[in-house]
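Each chain carries a letter (A, B, C and D) given by its place in the written order, and its residues are counted from 1.
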Amino acid sequence: MVHNYTVRVRYGETDQMGRVHHASYLHYLEAARIEMLRDSGCSYAKIEAQGFLLPVIDLSIQYKGAVLYDEFIEVETRMEILGRVRLGFDYRLQVKNVLVASARVSLACLSKDSLRPTALPTFLLTSIQNYTESNVTD
Amino acid sequence: MVHNYTVRVRYGETDQMGRVHHASYLHYLEAARIEMLRDSGCSYAKIEAQGFLLPVIDLSIQYKGAVLYDEFIEVETRMEILGRVRLGFDYRLQVKNVLVASARVSLACLSKDSLRPTALPTFLLTSIQNYTESNVTD
Amino acid sequence: MVHNYTVRVRYGETDQMGRVHHASYLHYLEAARIEMLRDSGCSYAKIEAQGFLLPVIDLSIQYKGAVLYDEFIEVETRMEILGRVRLGFDYRLQVKNVLVASARVSLACLSKDSLRPTALPTFLLTSIQNYTESNVTD
Amino acid sequence: MVHNYTVRVRYGETDQMGRVHHASYLHYLEAARIEMLRDSGCSYAKIEAQGFLLPVIDLSIQYKGAVLYDEFIEVETRMEILGRVRLGFDYRLQVKNVLVASARVSLACLSKDSLRPTALPTFLLTSIQNYTESNVTD
């Protein structure tokens, strides 16, 4: 299934090239997956409150064209469970139906106490599985 | 006394006006006071490790002229103990001896556990007082 | 009149104190005044397209309490014409009806070509005046 | 050859996980390649002044472990000419001799006027080639 998130470019996210600075995209990707998790019924705030952290461990992004101040970016996100301790997110970013970037991000599940890798918690896996199945037609 | 800190403008700190974005200055001010505290013998990392936080509670800044990508900013900082729970910092920012901004920032001392205001710890006050006296000729 | 803008705190806008970093607020203030200008019928993008820049020349902000990841901040903005070349914005930021910060920001009008101060353009003044009058009951 | 750049983590570059936010690394990578270009005799400021832009078109980064506030990151950079219009940069980031991240970034050369891809300018190619040859023992 696909989750859709829209974000408008802030002025401070541009640089002197007159376009969005390449690091700003990472904040859009983060916001998009946080809204997808919230939509699944398991907010990231809850995940941390339950004693888990999900830091980014791998990220790749291809920039296909400039995005400008004030433009709306449509972020399409797909989420995938990758083994026992990892989540994967695939992204397509569009402005006015033109692909401006694609990306892939992996998160690892850590215990907040030990800061060591730990299995994704059951409440999160259940939310993701129910969410995916309830949206198979998307 | 005056502490001097130099920082070079990063590309991502500019915006599409072709100058440093006004929010980027706050990171320079923060880095300058952190280096001043380190220089006094009491690093901010130590302050947090001892159970204290020093969040910003008040900030004012006057922007006198554009600062450009790749320029060096010379930050002059003066530090002052303001009563039992507050520190004050006065700043002058120059590029090639021209004043580009001035600022004033106040920090409050909080207990990391209670998140409530608490007296500035003695080890910090002592460091600041010794530091100030040892540099009276500056 | 008052303009209302709501923004949700992004994860990357926090710092290791577990609260929103003080520089992140400047991006919220910027977004709020940009939306207020858009609402008045004169978007900031149009202002730049017409050959003007509105850099921040003065900013003060009082932080009244911590704002946390994922919280919604309600930004109330009041706009004021300050003489021939300046605009002023007064802000109150609330989370769940509790004041978390107040701020004041001044912008100067520059010619994009000369980068020198210039009178606020008539199309902008007219938009602001109509907007203010049409909302006197707010 | 390898270029070495050291950067200290700023407070505002952390997030509430208590470590450097993953987007902050992109600013370190950018600063490192800018210093490498400067060291080669061809600063990025000069490249833009001559009518060229070098936006990022592809980036991948692997995060191997947390980096903390105030730590020094040692960034090792290798630069490569990739065909007529692209530059590639390979990075290894270490803290106290432990690998904390590796990354690869590609830049494309655009004409500042047309915003279209254009051949890397001769003055840049010459600088890079001389720089690489003069450091073969590194």
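Following the convention adopted for this analysis, contacts are C-beta pairs under 8 Å (C-beta built on N, C-alpha and C of every residue); 3 or more make two chains touch, one makes a residue touch a chain.
The structure displayed is predicted, hence computed values, not measured ones.
Participant: Using only Cα atoms to place each chain's centre, name the chain farthest from chain B.
Facilitator: For chain B, the chain whose C-alpha mean is farthest off is A.
Participant: Give, as an integer number of Å, the spacing between the C-alpha centres of chain D and chain C.
Facilitator: Chain centres of chain C and chain D, defined by C-alpha means, are spaced 34 Å apart.
Participant: How many angstrom between the C-alpha centroids of chain C and chain A?
Facilitator: Going by mean C-alpha positions, chain A sits 28 Å from chain C.
Participant: Need the CA-centroid distance for the pair chain B / chain C, whole Å please.
Facilitator: 25
Participant: Quick one: which residues in chain A touch 2 or more of the other chains?
Facilitator: Residue numbers touching two or more other chains: 11-12, 17, 19, 23, 26-27, 30, 69.
Participant: Which label fits the chain touch graph of this model best, line, ring, star, complete or other?
Facilitator: It is complete, because no pair of chains fails to touch.
Participant: Which residues of chain D touch chain C in the complex?
Facilitator: The contact residues of chain D facing chain C are 11-12, 14-19, 21, 23, 69.
Participant: For a test of understanding, state which residues of chain A touch chain C in their complex under the given definition.
Facilitator: Spelled out, the residues of chain A in touch with chain C are 10-12, 26-27, 30-31, 34, 43-45, 69-70.
Participant: What residues on chain B touch chain C, complex-wise?
Facilitator: 17, 19, 22-24, 26-27, 30, 53, 55-63, 66, 115
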